[in-house]
Amino acid sequence: MSFFFEVLIGGLLSGIMYSLVALGFVLIYKASGVFNFAQGALVFFAALTFVGLGELKLPFWLALPATLAVMVLLAFVIERLMLRPLVNQPQITLFMATIGLAFFIEGLAQMMWGANVRGLDLGLQDEPIQWISDKTGMNISKFDLAAAGVAALLVAVLAIFFNRTRVGRALRAVADDHQAALAVGIPLRQIWTIVWGVAGAVALVAGLLWGARNGVQYALTFVALKALPVLILGGFESVPGAIVGGLIIGASEKLAEVYIGPFVGGGIEGWFPYVLALVFLLVRPEGLFGEKIIRRI
Amino acid sequence: MATGARQIGDPILALEGISLSFGGVKALTDISFDVREHEVRAIIGPNGAGKSSMLNVINGVYRPQRGTISFRGRVRRDMNTHDAASHGIARTFQNIALFKSMSVLDNVMTGRNLKMKASFLEQALWIGRARREEYEQREKVEAIIDFLEIQHIRKTPVGRLPYGLQKRVELARALAAEPTLLLLDEPMAGMNVEEKQDMCRFILDVNEQYGTTIVLIEHDMGVVMDISDRVVVLDYGKKIGDGTPDEVRADRAVIDAYLGVAR
Amino acid sequence: MIYREAGQFKASYAADSAIFPIRQDRVGIAVILAFVFVVVPLTATPYLFSAILIPFLILSLAALGLNILTGYAGQVSLGTAAFMAVGAFASYNFMLRVPGMPILLAFVGGGVMAALVGILFGLPSLRIRGFYLAVATLAAQFFILWVLTKVGWITNYSSSGVITAQQIVILGYRFDAPAAKYLLVLSIASIMALAAKNMARGNVGRSWMAVRDMDVAAEVIGIRLMRAKLLAFAVSSFYCGVAGALYAYAYLGTVEPEAYSLDLSFRILFMVIVGGVGTVLGSFLGSAFITLVPVLLSVTVRFLDASLNLGIAESTISNLELMVFGGLIIFFLIVEPHGLARLWQIAKEKLRLWPFPH
Amino acid sequence: MPSDPHASPALDTFPRLLLHHAEVRGDHPAYREKDLGIWQTWTWRQVAEEVRALACGLAAQGFERGMRLAIIGDNRPRLYWSMAAAQTLGGIPVPMYQDAPAAEFVFVLNDAEIAYAIVEDQEQVDKVLEAMPSVASLAHVYYDDPRGLRNYEGVTSFERLQEIGREFDRAHPGFFEAEVAKGRAEDVSVMLYTSGTTGKPKGVCQAHRAFIEAGRGGCEFDRLTAADRILSYLPMAWVGDHLFSYAQAMYAGFTINCPESSDTVMTDMREIGPTFYFAPPRIFENLLTQVMIRMDDASALKQWLFRRFMTVAKRCGAEIMDGKPGVPAVDRLLYGLGSVLIYGPLRNVLGMSRIRVAYTAGAAIGPDLFRFYRSIGINLKQLYGSTETCAYVCLQPDGGVRFDTVGIAAPGVEIRLTGNGEVMVRGPMLMKEYYKRPDATAETIDPEGYLHTGDAGVIDADGHLKIIDRAKDVGRLSGGAMFAPNYIENKLKFFPHIKEAVAFGDKRDRVCAFINIDMGSVGNWAERRGIAYSGYTDLAQKPEVYELVRECVETVNAELAADASLAASQVHRFLVLHKELDPDDDELTRTRKVRRGFVAQKYAVLVDALYGGRTVQHIETLVKFEDGRSGMVAADLRIADAKTYDRAAVAAAT
């Protein structure tokens, strides 16, 4: 029984990290209606840059803001060179553009820092926490717990950013109705830059955590694919959806891997989340937190 | 316009105690009325009176929570759009629902999709039945294009057409299905005087040439009084009047609820 | 300018709804066909065949498949490659397990299998739309590849999961010369393109476009959404399946499921977008663009590298290519979001009205 | 070739021609009509069948030899067939102008004692029914297009009429053939009403022979064959359409194409691409204007190409088409290039790619206009004729085309000029008579069988007829030389700067003229050179404007000087009027023809000033404004002299 909980908790913890990535998607989709497929690339880019700067003997407390700056700069460039010319294009077009962007960023990242796999040490060991295992016999990884903590923290920060700050409110307004937002004089383009910047920051954090766990490598870009089922589950526009969705996906994925995997030859975590999300959607098309849509004509 | 020829027959459509609500919002409450064969039946009422919802119930876009719909003798709890179409109910929409990227011709052709039986394989190979059907249906469609005098825009994508013409194309698409019952949702909204006159002429021609039964929603009282045989008046989802234009015009409740405030 | 339409009147609906109603177009297409069927086979080099022409044609076919689904029926899919894989492995097994199976029939069989799977994964489209559907199709991508790798029977228990496509033999003739393969692929592609065009101009095509443009209205005039959408998935997947089979038999030769990765799906989606959504021509133009650009890129980069001996590292070059490719896509979407086909369409209009402005 | 009609003498009526074509080219398309989105086609055999059914139907309904059948509507195959059907029965089709109001129908219907009418659609039916009460004879009305006529009483559909016919045909085998056999070349084949600018319209009776001869002459003259196609869009009641779309088609067996509707003519023209085309000058003018407007918003490159190659075309286009020698190789090369880049495409967008022969007539056509079409390779020619002559008197031969003549006498036509220059013609194409108007007939056709056209003209050295004026307007200078005001005025009006002109000279020693400048074009001209002006009166009196006008006048003088009979009527003095001539002031007719007499006495002061040799003259005039108010316009008009040429000099120069 305790094993079950161990798996479950492990799942939930990594689920939070999915949420983290998913959050990046949601931010951008809410504010600019863009399904940003480059989010994974951003994670990769952020992590790589951070490590790269570290290799240049930059101390952690300097490398972090530096990378953040780079991410914001990137966001600015993207808004200027990609989003602005593509404004009012159909969503599918913007989606395609972000795929192109993903290629570009991946190329850029490896160009700047090289493609070889690097480790990233945040001073957290991926080892069970002694006293928990003593008490319950469950192995809960320090790292996972810490990571979850960080993620939770970030989510909290974002929540505040959204609800308390002026920018945040403006952002919500934009998300609700572009035209109206424009009408009341909210500078759409700045908002986009900011959002992409924030998404970049989120990507950075996600990048650090994932990087520290699996090493900083091209594979990080696939983290995005992990986040997609979370999105369909939670909805493209819902922050809580992203979080809860992440937890559900994380947990169920681990459980499935452990309890179903062996019978079908393993490796099912690649598709299981999707199928799960899909089945869920068939039952409830409006997603976790979306309300029922009445299609008026 | 001599409409003397057509014989108004027995009811082909009867609605009994229809009630419809979205979530908590009541759109229609216990509405009953009938439509007789070959007649032009108007539904009027202030905005938000539930007129469009009424049409959507009749051809199955919405499913009412209570009430029955009997069409050509068969009584149903509710319609479904496909049955409606295949039993000869066609309609136009308040804000034009054409296929924007397709040409006028193709739009009208879609109106005859139910008449085409060829499988997609036959169509892929463009053999036998597929080809034959395509040409037979094209001829029928051309007749309608002729009828509504839109030959000159036959191959134009509807997206590029002015509003008035789009309305006409939508009517053409509905007619292409050779409906027995035609539902028109504000066919003259936003038209100038000439366009309105044309549209009136077309509606009456349809009703007369093809004997099509017509239910229309219209705001322009003048038009309604001119072309309709009987009028239903809705207000806040309730029926407050029903009868010939003159009767309705005289009806106190109607005047208060609608004519009074609207004009 | 080259067009002289005066006097080309239509006396029958057949003539009026022909695929190429204008004589000049008929002439043009005839010339092109003559060129690709006669001149190219006689002149092109083996490298050109097997490295460029054959993949280009095969991917055009796949793009055409996706275009039917996305362009005509308006359903976005990211699982194209998976359906190709189904086609490939199904054909392989037909050849493997049905004695005396004619290869063309095996291809068709592969297509049909893909179609069935396509319908299965098309079911969600009845409930969900837009990006939700797009992401949902990723399920197909991952699940199918997973099945292909996990179920040994499919790969005939080859330890590496790699299969070797059987020889292409039709009526005793072995298609192993590149030129021969090219002609085979070309013929299949042409025929299927024609079929696609026929569907597009027929009732099926109109129903698809109707569903795409305004599904409620489509339903109201009696088009069955489910029928239309699932048919679109089926036909689309059939095209992809056949393309996938050819990809294995006429291009790669030895295949593992990974050959049909998400990357391939995206490349094909690019082809559709860059080429022009909802056009048969676009599928081919897009495919040409996406297949040629990387080749040209690496050629030019390497050329520059060599001529100016900059001594660029191999990795750098590939990264550079990646960047330029990505950049090009974005640039393209900015300058002509409607794709290459639209460019041609505009040019044609101008030529028809010349000297008057368009 | 055996299928050549005039090989066998029997083909002397239209029904016989029809049956002949049905026999020798049964599957050749005879009629096309854009309907239901495509060009519906009828072969000659089918047409023969249709006509047969229709004729029998009419017979069954009591239509007899000599009766007249009214035909009203746009150009529709069935209406053309109705003519043939009537002719088969020895009846007389009377095509009427479809756009006339019911009131005007009444006169013709009564005058021709119409009992049977075949009309196009509801619109025409309504008008006919409206006219019916006041037309005692009218009893049977048939319609082609049933739209909206379902509940009409007492009118019959074309289909029904043909059904009746087929039954009748079965019941009376051989009837049709017998009727065709009864026809004689002298029988009246059609009655066309003259538009009647003066007095009531007169019904012109034309025999089969007349139109067949005219048709044959035209076809041979321009080598028209069954392979040709024509777009029939001009009123069926107009003699020209009857010649081109009926007589010539029936003779040569070529294809008639009827547009979908009057407002799709241009597109239909483009689709059909006729090889043989007729249009009045104003249509060619409108087309040219459209071309210019469209070219204005074309890209710079295209505009440059257009200008560049149009100058080339002006220089040598017409010559190359006429196969004249002496065009430099360079020009030929440029022209070749031009026809790929500009002329060809232009002909294509105009729907004129395949035109072998295009005719215009009915009004004077400007030289620039005329030259434009010929220079881009469209063989545009002029002809001369009238209802009384089957629109068949003069034709311009290929290679011998000049904008200021109407060509040479057509095959079988004799032309003679009276003392005062009136054109008289004789030939097989002359009308038989004006219906029920022996008096008018006698006035028009003299005992020698010459028809007095009422036009004044001159025949130049190489036998080309030049129509200069209505005979009644032609006067004489006191010197005795002929004075043709319209001719001079038209020449002046061809200049874009000149809107109206009034020439004086009858019984005077020399010619002087009033000029109205064209506010539009002169206004632009003035703005381009920064000449400020307050209004018409002001602009009109600017010295620069006078210079501008003087140039025009002198060019005209030069042209006049070149012509023996007209050299004397060069314009010696002119003035630019201070106000525009206006129908509201009765100075012009509603059709914008100058009322010379009225103007002369209204502005007597000015006329005297012109001949009195004064250089300036004050004048005050009462004018009506748009809003009906009236006011005074006063001005001191300058009077200018224009250089005149003596003939020898010009002759030497040219």
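All chains are identified by letter, namely A, B, C and D, in their written order; residue positions are counted from 1 within each chain.
One rule holds for everything that comes next: a contact is a pair of C-beta atoms (placed from the backbone, for glycine too) under 8 Å apart; a residue touches a chain by one contact, two chains touch by 3 or more.
The shown structure was predicted, so the numbers you read here are calculated from the model rather than taken from an experiment.
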(message) Touching both chain A and chain B, which chains are there?
(response) C
(message) Which chain has its C-alpha centroid farthest away from the centroid of chain A?
(response) D
(message) Count the C-beta contact pairs for A-C and for B-C, then tell me which is higher.
(response) A-C
(request) Can you check how far apart chain A and chain C are, centre to centre, with Cα atoms defining each centre and the answer in Å? (result) 32
(message) Could you work out how far the Cα centre of chain B sits from that of chain C, in whole Å?
(response) 42
(request) Let me have the rounded angstrom distance from the C-alpha centre of chain A over to the C-alpha centre of chain D, please. (result) 80
(message) Need the CA-centroid distance for the pair chain C / chain D, whole Å please.
(response) 59
(message) At least two partner chains per residue is the criterion; list those residues in chain C.
(response) 12-13, 216-217
(message) Can you pull out the residues of chain D that are in contact with at least two other chains?
(response) 37-38
(request) Check each residue of chain B and list the ones that touch at least two other chains. (result) 61, 93, 97, 138-139
(message) For a test of understanding, state which residues of chain C touch chain B in their complex under the given definition.
(response) 12-14, 17, 195-196, 198-199, 202-204, 206-207, 209-210, 212-214, 216-224, 231, 235, 278
(message) Please output the residues of chain C touching chain D within their complex, sorted ascending.
(response) 1, 3-13, 15-16, 353-357
(message) Which residues of chain C touch chain A once you look at their complex with the stated criterion?
(response) 76, 123-124, 127-128, 130-132, 134-136, 138-139, 142-143, 145-146, 149-150, 216-217, 262, 266, 269-270, 273, 315-316, 319-330, 333-334, 337
(request) Provide the residue numbers of chain D that touch chain C in the complex, in ascending order. (result) 32, 37-41, 270-273, 294-295, 297-299, 302, 305-306, 340-342, 344-354
(message) Can you tell me which positions in chain D touch chain B when the two form their complex?
(response) 35-38, 147-148, 150-151, 260-261, 263-264, 267
